[in-house]
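Dumping the structure here so I can ask a few things about it.
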Amino acid sequence: MKKLINRPGDYVDQALDGLVAAHPAMIRTGTAGRVIARAEGARKGKVGVVSGGGFGHLPLFCGYVGQGLLDACSVGNVFEGPNVQSCIDAIKAADGGAGVLKLFGNYGGDRMNFEMASEMLDFEGIETTTVLGTDDIASAAPEEAQKRRGVAGILYAYKIAGAIAERGAALAEVTEVTARANARVRTIGVALAPCQVPGAERPTFTLPEGEIELGMGIHGEPGIWRTQMMPADQLADEMLNRLLADLPADAGGKVSVLVNSLGATPVEELFILYRRVRERLDQEGLQIVQPMIGPYVTSMEMAGASISLFHLDEQLEDLLRDPADCPFWSVRR
Amino acid sequence: MITPQTLQDATARAHDAMAVLEQELNQADAVLGDGDTGGMLARVIGGMAALDLSQEDDLGAAFAALARAALANTGSSLGTLMATALTSMAKATKGTPSAEWSDLSPMLADARDAMLKRGGASLGDKTVLDGLDAVATALNGVETPAAAGAQARAAADQALATFRDLPCKVGRARMFADKSIGIDDPGMLAFAKLVAALAA
Amino acid sequence: MKKLINRPGDYVDQALDGLVAAHPAMIRTGTAGRVIARAEGARKGKVGVVSGGGFGHLPLFCGYVGQGLLDACSVGNVFEGPNVQSCIDAIKAADGGAGVLKLFGNYGGDRMNFEMASEMLDFEGIETTTVLGTDDIASAAPEEAQKRRGVAGILYAYKIAGAIAERGAALAEVTEVTARANARVRTIGVALAPCQVPGAERPTFTLPEGEIELGMGIHGEPGIWRTQMMPADQLADEMLNRLLADLPADAGGKVSVLVNSLGATPVEELFILYRRVRERLDQEGLQIVQPMIGPYVTSMEMAGASISLFHLDEQLEDLLRDPADCPFWSVRR
Amino acid sequence: MITPQTLQDATARAHDAMAVLEQELNQADAVLGDGDTGGMLARVIGGMAALDLSQEDDLGAAFAALARAALANTGSSLGTLMATALTSMAKATKGTPSAEWSDLSPMLADARDAMLKRGGASLGDKTVLDGLDAVATALNGVETPAAAGAQARAAADQALATFRDLPCKVGRARMFADKSIGIDDPGMLAFAKLVAALAA
């Protein structure tokens, strides 16, 4: 796979340099430069919202630092959680004295590192809480929903956390509402072709010509099952059937939908998928609010897509519509 | 006696071993995980091997330096658990210039418990911890480096064999518990391979 | 190449359906549904700005219909100009009684069809003018700059035309300023891997492993030369050398920069490129205004990137900063 | 005599021929252009062949229907130029039920001129127009369909051979004038192949 990079070992740091060079509202900070934070700094009295995760998923994670979204984000190596020090640095960067919500995907390394960071920060009197992104329905049965890993749907949790924090809610409320948002997001992905980690000798997985894999993770972790390539409408139906079979207890009649490219899949194809998603949701009597179609959560040049449904309630819908602004996503009232 | 120099030699050996192991461990992880165990370990052990511990006379400080090197170089599950283990051993040896080989067994048992706590897994889940547990037990009462090497190697291999046909219960492989039967856990495999390299 | 599509013959229409379903500020209109226009309709007294082109380049062309940008856009088949009727329909949709600027890439088919459309509309009393996008420096020597084809840099012409029309300028001025903008944009592209037209038996071109092609067109037309893959910094230098060797007569000290993905190349790599671009332009004493980094003008899943420089003058800089809003690009003062 | 039925038969034949020609012409265009000549022609000719001209008694109206079908199905250079030619022939035959074979030469010459004007190219630029020009000239005075077919085929092939070693001067291939030496222009090639199919 051809890549426009310099030395593989410089991949993350040089990309971060370019990111902040292009977007002056963001800065690189932290002991090892592995934190992206808002240039204007933490707002005094506002609850901070922090995320973190591996690299190679841009715009996720650190691209969503901005007004009404994240305050800071720690950055690991490619597909590998951020280290403890970066998590400490990110939490500090987001701290405005009112506590910090840590909101990141449910992966072992990320969890341990954020946990260790919090233990150390307890001494410094920074109060933190945790909400884990657990939207991937392919990664555990509904009975074990808390074991699910986080994929594209974490975006909705970012939006809600950012909005309620911006409104001035206290840490406990920010945490509670964000946890509810996360519990109402469902995602399923399909992979068509792999990506390759810079410096690796081969792609992260292989898929025979004409085969696709449903439920694959954003690092190439195996999915639920392989199947023959099928028309987009049929695939959308297949994915929606699974999403709709797994509704949160009190799902209402409104959803937001994220049709996301894993990287190489062009937005033309996302719109073809969305066309069918919209048709199906119409049939189900579900009303779509603020749909998002694009490359929001990627795995470098992996080909494939994911569909997320965010089951709204009144408060969540209102928060979703609150203004937000970062280089990759902006919402205006 | 285990001194900072023992650690220096061990990281050098492990570093050499990784040249061959890196891709093998990546592939083992790719089967059910995200295929990065080898690359991550190569980076972490590279960071450790780059340290100069020769002037260090506090064994605890040497362990702590290794733990910091691990933490600085990764955020992965296994890497962070390794750092947890090294921190536990740093605490046990803090302020002493050396440890006896017979101390190794209880030190590893403490490390194991710290890792269990940090990672939330249980013994029997088919992780690196089952390998470590087997080695900690096997080293009980062992007093020479030669014996320690032989016993550790045998125990780590035995654990690998015992668990091969059991399902994985944590980490990424958990979702494919059935698929994982018959397949080595990459963390446990890495542990056995590195123990073999150190014992050789 | 695996694609998330239904029948190849439905590719364009279904993607357009999805586009307007997702973005209610846009509508599909025209005899054959091959026009995207602003849902709010043409504004009376405002000069209309119309574009058109082949499909498979989203967000280009029709994705840029929106406030301060295009009023309407005709849509052809994949990589093939829009037909006459769609051009007529688009011009009519954009007409607010003050005339319409036709702004599209310099390709034979597009030119003929827009020309025929204007001839027919002359009878109906709709006054039109034309500015052709001609930014690709690889496609003709500087002496024949008017023969160059249009690629990613047309985006800057869209922005300027949309802004000055929004400010209420008359058709002649909109045309003159837009032509000046176009004449001050320079683009060069590099291709790493091909795309495949839906229904085609093979990719649009082949590139051996380890080779890249500089100056390739966005439909896979051959470039200037093939070379071995090289580090990103070296490639950026190579591309910038060519761009900076071809300055407009009265280039000032300010430029906007567009580092664009042709599709599969992830934004991480664009940031690595931009890092070097910024470094070089700093060295050259050029100040960067409002840089754009992302997949703005693509060729479906083609891998590669382009770099565009827009040499600003005072008026153009001011217009570039005017507010604009469409699903794929938004500028706020 | 050339009647709407003649056009109906011709589009049917051209349509059949495209089944084989489509990929060949795409590949010819891929060398210096964007590789779509064949796909575009297949679509345009498919649209024409789908028309029912059997009830049509105005030859001009039949040509105009073909022109509209072309315009509805493409926005490419070559397709739009084809529509331009058909529109020119529609004007020439408007209101008449048929034309003589001897009328074909001046009709094609007029079509050629309309295309020159529309496309802005010149004769000698190595485009479809050089093929058309050769055929228009060769048909001068020809009165039977058999003779027309033979002459046209020979002239189109001859033009292809003559221009093969000259550089392209318009369209996408212009930028690679030197590279284009020795290579057929895809539009000219398509024209020769379709003439051959119609003459067979």
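Order as written gives the chain letters A, B, C and D; numbering starts at 1 within each chain.
Following the convention adopted for this analysis, a contact is a pair of C-beta atoms (placed from the backbone, for glycine too) under 8 Å apart; a residue touches a chain by one contact, two chains touch by 3 or more.
Note that the structure is a prediction, hence the values are computed from the model and not measured.
Within the contact network of the assembly, the step distance from subunit B to subunit C comes to 2. Taking the definition of touch as given, a chain qualifies here only if it contacts subunit A and subunit B alike; none does.
Rounded to whole angstrom, the centroid-to-centroid distance between subunit C and subunit D, based on C-alpha atoms, equals 31 Å.
Taking the mean of the C-alpha atoms as each chain's centre, subunit B and subunit D sit 75 Å apart. Centres computed as Cα averages put subunit A at a distance of 30 Å from subunit C. Subunit A and subunit D have Cα centroids separated by 54 Å. For subunit C, residues touching at least two other chains: there are none. Among the residues of subunit D, none is in touch with two or more other chains. All chain pairs that count as touching, in label order, are A-B, A-C, C-D.
Against subunit C, the residues of subunit A that register as touching in their complex are 2-7, 11, 14-19, 21-22, 55-56, 58-59, 192-193, 210, 212, 229, 231-233, 235, 263-275, 278, 291, 293, 295, 298, 300-301, 303, 305, 330. Remark: subunit D residues 23, 26, 30-36, 39-40, 43, 71-81, 84, 118-119, 170-172, 174-176, 179 touch subunit C in the complex. The touching residues of subunit C, counted against subunit D in their complex, run 32, 54, 76-77, 79-87, 107-110, 112-113, 115-116, 138-140, 147, 149, 197, 199-201, 204-205, 217, 219-222.
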